[in-house]
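The letters A, B and C name the chains in turn, as written, and every chain counts its residues from 1.
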Amino acid sequence: MMLLLHNIGMKEVVVLANENNVKHENTRDIKDILKNYSHEQRHSLAILQEVQKEYSYISPDHLQTISYYLRVPVAEIFSIATFYKALSLDKKGKIIIKVCDGTACHIRGSETVLNECKRALNIDVGETTPDGLFSLEVVNCVGSCAIAPVMVCDNEFHGKLQSGQVAPIITQAKEEAEVHE
Amino acid sequence: MNREILVCCDTGCLVNGAQAVLDELRHDAIGMDVSIKPYVKNVGCNGLCEKGPIVTILPDNITYYKVKPSDAADILESLGNKAVDRLLYKDKEGTPVLSRKDHPFYATQHKIALRNTGIIDPGSIEDFLSRGGYEGLKKALTMTQDQVIAEVEKSGLRGRGGGGFPTGKKWRSCQQVSSDQKYMLCNGDEGDPGAFMDRSLMEGDPHSVLEGLIIGAFAIGASKGILYIRDEYDLALRDVQKAIDEARKMGYLGENILNSGFNFDCEIVRGGGAFVCGESSALMSSIEGKVGEPRVKYIRSVEKGLFEKPTVLNNVETLANIPYILLHGGDEYAKLGTEGSKGTKVFSLVGKVERTGLVEVPMGVTLRELVFDIGGGIAGGGRFKAVQTGGPSGGCIPESLMDLKIDFDSLKESGSMMGSGGIIVMDEATCMVDLARYYVKFLSGESCGKCTPCREGLRCMLEILTRICEGKGTLRDLDLLEELAYTATQASLCELGKTAANPVLSTLKYFRDEYEEHINNKHCPAGACKELITFRILPEKCKGCGICAKACPAQCIDGVLKSPYEIRALDCIKCGTCKEKCPFDAIVTE
Amino acid sequence: MRIQIDGKEIQALPDETILQAARREGVYIPSLCYSDPTEPTHSCRLCMVELMEGEKGKMVASCAMKAKDGMVVSTRTDRVMRVRKTLLKLLYAQAPENPAIVELMERFDVEKEEVFPNKEGQCILCGLCVQACKKLGSSAITTMSRGTTKEVDTPYGKEAMSCIGCASCADFCPTKCIEVVDTEEGRTIWNKHFKWARCEKCGAIVGTDKHYSLANGTEPIICPDCRRHAITDLFAATLGEE
């Protein structure tokens, strides 16, 4: 296996190549994302969301590249990246835990669920665990109000949660993630 | 005969294990004889989400609730025989009820927007077509733009997203503007917390929404359309995209639709996690690739909207009603509802209510019928306090007004509004001051932040409400709240700011005594405001089992086994875990 | 066309807003976020007036509402005054002790509201600086985030690559809260330092080096006065005058 380190342009990834010359990339190059869009400002949010999904955050280099590509000032791309809550300038954890604080969830005890999450993860809202595994977020409504209170762990929904059920969900997610490592 | 077994696979039922139920039924049916083998299909939301997974047998019209995978064999056995008793709904006398017609949640509902949801496989355009799908479009294409608009005007349909603007009027004003390019947009940015009507429609019957969009585009003369769908709705995004792809393949979208000469195509734009983008001009800014800041509306978007072109924006539920109106006529639709609010409305009945879920009823049904007859009253034996309608732009309605007929105008008069249809039911454990604070906190993060009365008004209102909840409020604070509310209502740039104070104003109007209790006596009657409550173990009820002490995360409960335990109030973090765990109800809040 | 403001009839030009017409004709309507050269932001809301339609009135922002023939506008109804006072209190809380706001408060007899918590700094988020930078500068600053956490800054709060040091932002700022430090040698603004571009002939400052090169590329640096003298000298020589 050969190890190739690319430092050209915006490529941020270490590319591993084996004898058969098959590349295993950890992340897509931002250029591969951009090429699917025309050079129009209206694509800014969609591009930023793809970058967010691919890299778990948006870096200063990303902002610069997107700015050049769309011919929109960097400051404006920065404004968009900080306006929309789906985007983040800080790297998110591998598993995102979203506690819903919609009205139905709120009156059915979302605060208790949130406190249990904070206790289990030892981080506050908006933070990421030091091992980079979990990020904790509060979201405004995931649209599953009839089964409130709701928590979404790694895109899996958990409803009608009681305080005692929260920690086991997180523990299981951690175990599953470690198995995949 | 070959029956159909419908398994609801919307998010609520999926969380409760519907996928496994579906898989098990399909698996067990494999060995059955071809002449009696049922067709097992996944369908969209059946409404009564808390009692899911929900399984329905057609044509017998038998509905089963809380179905588990292990029930699959019994269900298949029961086809054509006696129903599976344990899975049926039992009425007050304990009599099993087979059909939804006799279930109090469903009996008085009237489904127009949700006519297909829960019956068709949302991923199958054939299923949609078999129930009259795209017939409304076919009919519209044989009419003139004027005739189509006239039908919608006759129906009296008003925007279902919250604005309540007459849809026909909106289409007519845009149709009259001449331009080389017009846009037809769908607002799928359902941001009201507690509302999931649009989600269920997009996931359960995406083609109906699409059909409504295409008919609207034809009526106003738009060749391009966009469905703006909320970032948080992954499944809806996927299901609507699939529907668009299928519709295009079969000629309902694209060039020369159904040989009519009409060209129209559409795409999805994904939201970025911003409630304010549900506001029409902010939504258009977002599509244009900018921040979602609303614009002044002295020039209406039907004249100059998206990319400065004439634009019509309609809500998901509004569009879902359109094919029905075209097919059956506006007069038919107008037979239902009240004088000022025609047709039906989908509500999400949630909160402290016995039967939570999606409900579609004709306008004019009273709140009391909705919450008590259909919803089954307060869950958990509590006492009714109020309902919140209209989300963060709406207000609360106390017990004394529960006989109000639900329609746009009567709700507005009471100090609330219809909004998108979220009905949050609250019992005496909900603090109305905390509720006001909750909404103001929500809005202070969701406001775009451009104009002073909204941004700064919310900032100051939040500070005041927080102090009141902490027992540090004064009576003058109430006057200041009213002043800030007045300014926001009069001077804000957009409807978010103009309605931001509604939750504060309506709770002050109907529950002023609760505010005063917090201020004068530093007491929260609902027992919700953490800083004002103390947890106490009742010595006469405590059996000394020690469960609370073991569970307490702050280690603040002292005692020895078999003797009453005690909470050290100073160290108590008021998480409520002890109260939840106590098997003898010996812990109270004061 | 003619419109009426507080009983006085004034002329309004086509496509003018109520505020523009009022300004031109010397009728006073307060505002902080409006400026002629830049795109309006409609954000301070101080210019709210009541548009009378018979007995009923409608609150509108005069910086946004286009004037129409026959409009009747009032800038002093109870509603307008009540809203204006609270707005000034809110503006004061954002920029405590700020002269521009204190002046307006004195004019309308408004006391500060102690209960409204003060903010750090003096920015009222009118957005004029961002608009000025867009139009006259290099789009180096922006608003970031939203709601109550919204603020104006350069990306990441760091030295903005594109800032040219023109200080248009500071010129337009109504509360004068953008720090510009000018010395003999250069200017510091938004955490970035610039050297002066000085006229090769007389040594006068013509702007920052970045600003000049953005406008004039690599041309030799000449100040407007020396340029004018050079041209008149050229005319004199050509026309044979001594």
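The working rule: a residue touches a chain if its C-beta (ideal position, glycine included) is under 8 Å from a C-beta of that chain, and two chains touch if they have at least 3 such contacts.
All values reported here derive from a predicted model rather than from experimental measurement.
S.K.: Any idea whether A-B or A-C has more C-beta pairs in contact?
M.R.: More contacting C-beta pairs are found at A-B.
S.K.: Of the chains present, which has its C-alpha mean closest to the combined C-alpha mean?
M.R.: Closest chain centre to the overall C-alpha centroid: B.
S.K.: Quick one: chain B and chain C, Cα centre-to-centre, how many Å?
M.R.: 43
S.K.: Between chain A and chain B, what is the gap in Å from one C-alpha centre to the other?
M.R.: 26
S.K.: If you average the CA atoms of chain A and of chain C, how many Å lie between those two points?
M.R.: The mean C-alpha positions of chain A and chain C differ by 39 Å.
S.K.: What are the residues of chain C that contact at least two other chains?
M.R.: Each of 143, 145-146 in chain C touches at least two other chains.
S.K.: Give me the residue numbers in chain B that touch at least two other chains, ranges are fine.
M.R.: As it turns out, chain B has residues touching two or more other chains at 274, 291, 446.
S.K.: If I count partner chains per residue in chain A, which residues reach a count of at least 2?
M.R.: Residues 76, 79, 83 of chain A each touch two or more of the other chains.
S.K.: Along chain C, where are the residues that touch chain B in the complex?
M.R.: Residues 41-45, 48, 59-61, 64-66, 79, 82-83, 86-87, 90-91, 93-94, 113, 115-117, 124-125, 127, 143, 145-150 of chain C touch chain B in their complex.
S.K.: Can you name the residues of chain C that touch chain A in the complex?
M.R.: Result: residues 138-146, 154-156, 160-162 of chain C touch chain A.
S.K.: Quick check: in the complex, which residue numbers of chain A touch chain C?
M.R.: Residues 60, 63, 73-76, 78-79, 82-83, 89 of chain A touch chain C in their complex.
S.K.: In their complex, what parts of chain B are in touch with chain C?
M.R.: 274, 276, 291, 296, 298, 443-453, 455-460, 462-464, 476-477, 480, 483-484, 486-487, 490-493
S.K.: Flag every residue of chain B that touches chain A in the complex, lowest number first.
M.R.: 11-12, 14-16, 49-50, 190-196, 199, 231-234, 269-275, 286-292, 348, 350-352, 356-358, 388, 391, 422, 424, 426, 430, 435, 438-439, 442, 446, 553, 575-577, 580-581
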